[in-house]
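Labels A, B and C are assigned to the chains in the order they are written; within every chain, residues are numbered from 1.
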Amino acid sequence: MAYEWDFAFLWVLWPHLLVGLAGTAKLWAVALICGLGIGLVVGIFRTAPSRILRSIGTVYVEAIRNTPGLIQLIWFYYAIPMVTGWQASAWLAAVVSLSIYTGAYSAEIYRAGIASIERGQWEAARAIGFGFGAQMRYIVLPQALMRMIPAFGNRAIELAKATTLASTIAFGELLYTAKVIAEDQMRPLETYTAVTVIFTVILLPVSYGCVWFERRLARRGGVHRD
Amino acid sequence: MPYDWNFSIVLQYMPQLLWGGLHTVLLSAACIALAVPIGVVLGVIRHQRVRFLAPIAVVYIDFFRTSVALVLICWCYYALPILLGVNLSTFTAVTIAIGLQASAYLAELVRAGLGSISTGQWEAARALGMPGTMRLRYIILPQAARRMIPVFFLLVVEVVKTTTLAGIVTYPEIVYEAFRVSTEVYRPVETFTIAGLICFAFLFVTGRIAMRLERRYAAVER
Amino acid sequence: MTEEVLRIEGLRKAYGLLEVLKGIDLTVHRGETVCLIGASGSGKSTLLRCVNFLGYPTEGRIYLEGRLIGRESGGKMAYRESKLCAVRTHVGMVFQQFNLFPHLTVEENVTIGPIKIRGVPPAVAHEKAAEQLRRVGILDKAKDYPSQLSGGQQQRVAIARALAMEPSIMLFDEATSALDPELVGEVLVAMRKLAEDGTTMLVVTHELGFAYNVAHRVVFLHEGTIYEEGPPQEILVRPRRPRTQDFLRGHTAFRMPEPEMTPAAAVDG
């Protein structure tokens, strides 16, 4: 017997999916901003003259990149209340965990971008009398940031995918909402297919945008690839 | 109130966690085993711009690269059995989901690897009188494979990390076992710290092997 | 003269609107060494690549060992890649950039063709490979990888690799142009030895000394046509036509005649 597809219930329940999608978007945006901020600091640590700063950066990046995101999320979910004494909150755990997760990966993008600037630029800046901070702020970062944009775009896509992890701690993002609907309506095939389509429709154009931008940079010369 | 850490009680459950780790490795191996043949074939099709097949490969690759692993897993576990009308074990469902996604990443890796071989190599093989498949098999793929191995190890790291999602659909891998241990001893932070360390040890070593190989091949080639 | 190995008739090759070869007629006989000279862009390398069908001729016929290559349809030649593979096994090619297979040892580079394409038993192939490697004076490096060799050594391996297929004719596409000056000699000596052994060779080169000493015939290409050809003593010493004279005046490096090189002494053993 062939399965009878029936998407009708989703026409009724789409406001719920929309709320879920809004949850995904909120989590994504906050974690992205925090993550890029953390990444900038750590990325500079990783290229700093100080050995201690470099080691701190390395330990952080290696620890996050070599453990599964799910374990990090669950760990923060239980650890944050323990340290702060607050009640366990799925939202807070998700934001903290995904920010730290994105921070580690974007630190590598900053580091590679900074490393891609030729020695001569640093030396010229030093010759003018700039210190490390000023060299970074006025000379190196402005040049490097442009080259990093495609990599940040990819990072943003990966973060959007990672937000679905929050469904495991019952944060009301898209996948969690879908799970609830699927069980409630006993229509997992349609519901999960819809979620797959929603993610593809959103992420695929962004992904193509990144590729397009990267090509454009490459044509103008001086693109950094990692 | 300072927290009273207690790792010793969790350490008693170490065998259970390691058992979960073993399942993680098994599942990862299955995913890689599925991904490699598909990825190589698709990568070659993409690179050679095979008529009719190349556009299909592009759709496949782009779809899986931008889709969300956890959504795929849920789809394969909850939805696919309905569509097929058969029961799938969690192992099979997760292997399909992660294996197919990994094959898309691998296809791009293969395409890039093939593209990195200079045209002179193709020409020299052609000048010897080798037909296309022979050129690919004896001259181009072995060289491309060597260059791809370090990145392949990084892909393995990603696959292993992704398989930890299988616990969500009750496959007894490390996260799943960690949950079971933590509900038994009420020490979730310690349990997941140790689970994280087990993963870290395994993945860090794999990553180092990748780096070592990369340096070695960089030294051999000129 | 002896039998023809290669015969080219009315060969034209165009890339879009740009016609690189504008009707070439050339014959190479067994045991003959023909040097193609000319300025860059004159079409020398394109001609060579057409003989091996690495680029298909736009027009014209190519005969190898008296057999027309390709299928004639409507006054034009049609080529099938699968058929051309067999043709290429009879035509040895040495590239400017060597193009050795870096993942294979010297020995494997030389044996892979005979074993995989010809189906020669490995033991026989290795024996023959040793013979060819000895001919170019590099047998002692058989187990090395290409990256461990100098450019001159690599190019000699490339020559052995082509010879191992026992081709009817050997093509050399500026085989010494990518080499450091001090390594050019060893490759030229190896090539000279082949010529003296009676190998049929079509050589694109800038080494006019080599052409003078080794070639039976020198062909000067100019803007896609054969402008002047004849014995080296004529073409290189007393060219009749103005473009050839201009070209030779430009080559101040051509010291003539070259001091005699003794193969045994120059090839390091």
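In this text, a residue touches a chain if its C-beta (ideal position, glycine included) is under 8 Å from a C-beta of that chain, and two chains touch if they have at least 3 such contacts.
Here is each chain with its UniProt name: A, B = Amino acid ABC transporter permease; C = Amino acid ABC transporter ATP-binding protein.
On a predicted model such as this, the values are computed, not experimentally measured, just so you know.
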| item | value |
| --- | --- |
| Remotest chain, chain A as reference, centres from CA atoms | C |
| Most centrally placed chain - per-chain CA mean versus overall CA mean | B |
| Intercentroid distance (Cα basis), chain B paired with chain A, Å | 20 |
| Rounded Å distance, chain A centre to chain C centre (Cα mean) | 57 |
| Averaged-CA centre spacing for the pair chain C and chain B, given as whole angstrom | 47 |
| Overlap residues in chain B, where contacts from two or more other chains coincide | none |
| For chain C, residues contacting two or more additional chains | none |
| Parts of chain B lying in touch with chain A, wherever the complex brings them together | 1, 3, 62-63, 65-72, 74-75, 78-79, 82-83, 85, 157, 160-162, 164-165, 167-168, 175, 178, 188-189, 192-193, 195-196, 199-200, 203-204, 207 |
| Parts of chain A lying in touch with chain B, wherever the complex brings them together | 1, 3, 62-63, 65-72, 74-75, 78-79, 82-83, 85, 157, 160-161, 164-165, 167-168, 175, 178-179, 182, 188-189, 191-193, 195-196, 199-200, 203-204, 207 |
| Chain C to chain B touching residues, read off their complex | 52, 54, 81-82, 85-93, 95, 97, 99-103, 112-113, 116-117, 145, 147, 158, 161-162, 165 |
| Chain B to chain C touching residues, read off their complex | 118, 120-121, 123-132, 134, 138-139, 142-143, 146, 220-222 |
